[in-house]
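In structure tokens below, several structures.
In what follows, chain A forms one complex with chain B and a second complex with chain C.
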Partner chain A sequence: MINRRHFLTTVAVGTASAAALAACGTGSSTSAGETGSAENPVTINYTWWGNDDRAERTRKAIALFEEKNPDIKVNGNFTDFAGYWQKRATEAAGGGLPDVMQWDLSYLRDYGQRNQLLDLGTVNINTDAFEKSLLPSGQIRGKTYGIPTSTNAFAVYYDPAKLASLGIAEPDGTWTYQEFNDFLAEVGAKSNGEIFGGTDYTGVWWMFNIWLRQNNIEAFTEDGKLGFTKDDMKKWWNQTAALRGTPAIVSEERVTQLAPKSPFGSNVTATEVTWDNFMAGYLADSGATELKLAPVPSDDPDNLGLFLKPSMLMVASAKTKYKDAAARFIDFMVNDPEVGQIFKTSRGVPASKTQRDGTTFEGTDKLVVDYEKSIEQYLKDAPEPPIVGFGTLEASFKRVASDLNYGKLTIDGAADAWFKEAEDLIKQNA
Partner chain B sequence: MTSTATPTQSLPDAELAHYNPKSESAGTKRVKSTVFHLVALALTAVVLYPGLWMIASAFKPNSEIGGSNTSLWSNNFSFDNFVTAMDGIGGVSTLQFFTNSLILAIGAVVGTILSASVSAYAFARIKFPGRSIFFGMMIATLLLPFHVVIIPQYIVFQQLGLVDTYVPLLIGKFLAADAFFVFLMVQFMRNLPAELDEAARIDGAGHVRIFTSIMLPLMKPALISTSIFSFIWSWNDFLGPLLYLNTPDKYPLPLALRLFVDQTQSSDYGAMIAMSVLALLPVLIFFLVFQRYIVEGVSTQGLKG
Partner chain C sequence: MTQSPTLSRRSSSSAHSQPRKSRQRGADARAGYTFLLPWLLGFIALTVGPMISSLYLSFTNYNLFEPPKWIGLDNYTTLFQDERFLQSVGVTVSYVVFGTPLKLAAALAVAMLLNSKRRGQGFYRSAFYAPSLIGASVSIAIVWKAMFGDAGPVDQGLSFFGINLGGWVGNPAMTMPMFILLTVWQFGAPMVIFLAGLKQIPADLYEAASMDGAGPVRKFLNITWPMLSPVIFFNLLMETIHAFQIFASAYIISNGEGGPAGSTLFYTLYLYLRGFSDFRMGYASAMAWLLVIVVGIITLIFFKTSKSWVHYSGDAK
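Let's look at the complex of A and B:
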């Protein structure tokens, strides 16, 4: 009952808010807003999603900020990720977004284009210490709506203990798609089907996106259309055509059984392709003592298609009364070295160099930081924030690819199905 | 109300002669009864399995929950999950979440009982102009999907400055906004003999007296089933508190439960399940204590006649 009600609610809130969002917003004054003093401080609201651990760390960061800025008080609130967006949608419709918010890249364009977010270019936030290739990911048509707190990069995870037990050498960090496929097949063959090579990587949207970049194709054009063709997509899904249904790739049925845990976290596969900030989660889920990261495969050794993606951003409400205070808080959260020391890599690798340099990384943290350092030479500009409705497209990509693995769709049928959905959606949001 | 007289079907004489319920041998009876109980037990096992799984998982380490772990019991039995769950989240103790849930649930029960019974009395016993229109409108609100009113309601409370208080969550209960309960009580009251309040009126009782001295005591089953439902619904409500409460100190349990699962970091399923078990206890106790009244309350609705 709860589940059904909850689902309906998500849908309803989404739809209703879309309409309501469109109706309100606009108009922001250019003044610095109200300011406070040590005797009479202003209070700004800051909200984030996350677990107990993040709440603890954020509390410390806020205490530090208040100590350094006696004229500002920060009132911190948090919810879980799914509830977070329902709440924001309702608040945006009701005109009551909190002053400063932790933000996710996939929602940036939606709220930014509807003038719900403050143009951070109009306030004073220092971005000198940021990688220049990273900043465009928080910008839409020249306006800065979000400042990245931290980054993640795409990677191939592997479990060295499992490879050692099968007598397979660890990857050396450069591989073509053929070599990667052979590697997956070898794991499956040597373990007698007990451990699969990995999940079908062609079902992962970002892996597809990276492959497109390796072939110098942008997934979306600047005007929000698809930048690739049906043939590109078919070619991509053909990459693992020979592996589907063999022990190289875990079956879709098994993946469904294991949810909400991933096959990799359940110790069913030896590798996984995903963002490098999943490390802590995988370690906790699998109980493994050590997991390692390798760069993604590429047929062009000089172009891995990799980029840094903001794992989360800081944004401010367009209607905040305390622009100056909000800006100072954001600046503190993204740049202050002590904040880096508090969060370590729990938000991702700190995006600002001052913060990164001020943080000591150990153990798992160091592994992730070292990985991002090792791929530095391959990094290119981050793509602009994804188009409105990108979440739906990504989900449908996953669904179509899983139908492909179930054998319900042929590769041609899968490409047709996805393109139809994508084109409809883009037309709707145009 | 409608007395459905069961038509006494007269069986043909020939069949009647053969039909003797006592003629079945004791052996056949025992087989039938065994089969029935086995089927019933098997169904119970299927229905209760999720609950059993939840309780078993609460004692397992996080890495052994879900995923490829199919065994129900773990060798690494421990109470660690309960310790984590009781630690609270982000500086708010778990006891606080329980207290908040209790305040909301008890508030909902008190409010609903007070307001719904009074409104039901008006609809069932007082003839006022436009009664059927108002009654129809009230029933119509049952058909209005909750999701349609979320945003307008939020804007109202936002403008009134009542967001982040319990007012938006409780005010509706005190104003008989739960049409379902009003309807339930109206139906119940209509079945009570009108002679009783007529007699009271002859003795000089007004509406207040009739309501408190005659109706309320007779409505006990309906009041109890209303309390149980509104308690459980309020205890389980997720969306209302999510939208209207901002400060974690004010969160009830359903919001707190979700904080253990974080998609972007590590999820502590163990602690979440342990806390679910704890959160289930009050509802379970409440239900066990009052369950016979639930059946009584519901089964007397609209069936007397």
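Let's look at the complex of A and C:
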């Protein structure tokens, strides 16, 4: 029998409590940094994001580094891109970032401006072989927080075999937005919806950024505010208004189902607009024998708005105890020709001329290098590290555009939603 | 029903009359707390400590990197102007309101089936309990995602019967039913508790009812339900609290984004994204405390209303 008093006293009422982590340490670091010897090597931690392919290449590079530098051991660790930033945030809060890290431009300000990263100008890293126009993308307020490993540029990928099977001519290398839209619609129409033209390119932040540059608008002002208006954004999302819901553009339902794989890598679309160093990944995912690259569309044939972006940077923790070892490892990873041979274009085209010249590019790797050469005349300066919280803005841009494709938001509503978030974020970080 | 004085009442009265026993009890208490100490230390350091600091942080603009700055109630007031927050509340409430009663109904139905004396009951009991052991795991979330994807078994099975819904994972209208099915499938834990409760109901009550010509529905409404009401109350409370905290499966199935179109943006998932993707730990702490308060209020309401429908043996009515 169940008795009230007995029952109530035994029921322990658990209340929902999502405990927040709160440890905030301030570690100290020696100014010179500790050094090791061959008998007594120091160990530095290195972490990166990427797939198994990159892990294998990195393992080879680390082995080579340890062979050349017997006084340093490198302890490697990797995750996928999304989980990567959540891990770094937790580590930074606890004061325990790894010594050396692969980094993305989107997050450079978040960590650099908040004194989490080592000023690499204070250690010995050779940057003589780098394009002078590229280095500022690793600098904030005159301090160097990141060294680019390699560059990438935006491009339209297409699968020549799929186009041939549909009887559609390959793009000739210049197209306006209208021509590009017609091309996407043609793929969708001729394949009877079997193959979609592409994903909705207006949902890609960097494509929006390039379009702004084609119209001579900078995305962010120097004082960290938005450089474009709500009307610019509405105009941009209107570009593909007629294509949404037709076979020209893959439905958002399919995109969500296929995630984390891309529709292009899953052979669902004939084109994809993204960074040129995704080539190796797309080839592996889709199993295609050949994929090609064309420049992005532009309504001004002389201004494609393109630029070389550091596809990734190497950074060190501000609290590392082994500054010298960290600097030597970064120098090795960005400059050594043998490292170039190991990675080829899987990190992008090597940024350091020493490394680039020491690498032989064949097959698809050559395609990527040739593409970056072919657009050389259109390239403008690389953008500075975007504003603090840019990673969040980029993610919300993608999300709002996805809601637009689901029909949950109108174009006006989408622009309002994004601007509200952006303004709130800029106010927060001011 | 038998009216027996409770154990605690009897021992408290004896403590008054016999001081020597009280001293003895003091020593027992000390020994008890000594044995509890390791757990207590962990509880204070790992649960109470972080909770207090998160309460403090909820009044600051803490961003993980810089020292927190006091901003008063700002986080709490901004919450109610944040459309994503309101969306996450909507998603979570509909999950709790639809998922929990369905889960409990399934648990009770299966418990009643398992309460009869048949061969192999032990096996069935374990078999029905198994999903709740593995249901909250990462691998099941991944399996669920594959099952409800395009051309997955669910899509194909329904198509066989002429129902063409496509994949559920990418369809904002179908993700909630998918999550509710996942939680209903994990009915094992409340089922075991229901089963224990059912076994406590004296068989002679049913016999007497049968003699008077009561059918199964009558027996359920007039015997099983009132006799089981404390257990139903307990399960309802625990499952409601539990449902508010859904996180892992939502995180995995939506790739940590709460999509498609925000339809799986559960409260805790948004809290996590705010804290660890947007670095707004103060805001996330405010969300956490709001959840604690709301769940606390709901618990209180449950206890208040329970007086009218939960029957304990020994009660006057």
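Here is the rule we go by: the second predicted complex is superposed on the first by the 363 of 430 C-alpha atoms of A that agree within 3 Å, B and C clash if a C-alpha of one lies under 4 Å from a C-alpha of the other, contacts with A are read in each partner's own complex, and residues count from 1 in each chain.
The definition used in the following text is that a contact is a pair of C-beta atoms (placed from the backbone, for glycine too) under 8 Å apart; a residue touches a chain by one contact, two chains touch by 3 or more.
These numbers come from a predicted model, not from an experiment.
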Which superposed partner A:T246 touches (first chain B, second chain C, both, neither): neither
First, second, both or neither for A:D403, with chain B first and chain C second: second
First (chain B), second (chain C), both or neither touched by A:G95: first
Contacts of A:Q341 with chain B and chain C, given as first, second, both or neither: neither
Contacts of A:S374 with chain B and chain C, given as first, second, both or neither: neither
First, second, both or neither for A:Q428, with chain B first and chain C second: second
A:T364 touches, of chain B and chain C: first, second, both or neither? neither
Partner chain in contact with A:A284 - chain B first, chain C second, else both or neither: first
Contacts of A:V268 with chain B and chain C, given as first, second, both or neither: first
Common ground on chain A, meaning residues reached by chain C in one complex and by chain B in the other: 2, 5-6, 9, 13, 16-17, 20, 82-83, 86, 90, 93, 260
Contacting residues of chain A [partner chain B, same complex]: 2, 5-6, 8-9, 12-13, 16-17, 20, 45, 47, 49-56, 58-59, 75, 77-83, 86-87, 90-91, 93-96, 98, 258, 260-261, 265-268, 277, 280-281, 283-287, 311-312, 346
In the complex, chain C residues that touch chain A: 1-2, 6-8, 47, 50-51, 53-54, 57, 61, 63-67, 78, 83, 149-150, 166-167, 169-172, 197, 200, 202, 227, 230-231, 234, 237-238, 241, 244-245, 255-257, 259-262, 268, 271, 275-281, 284-285, 287-288, 291-292, 295-296, 299, 312-315
Parts of chain B lying in touch with chain A, wherever the complex brings them together: 61-63, 66-69, 87, 89-91, 145-148, 150-151, 154-155, 158, 163, 236, 238-239, 242-243, 246-248, 255, 258-268
Touching residues (chain side chain A, partner chain C) in the complex: 1-7, 9, 11, 13-22, 24, 82-83, 85-86, 89-90, 92-93, 110-111, 114-116, 251-257, 259-260, 389, 391-392, 395, 399, 402-403, 406, 408, 417, 420, 424-425, 428-429
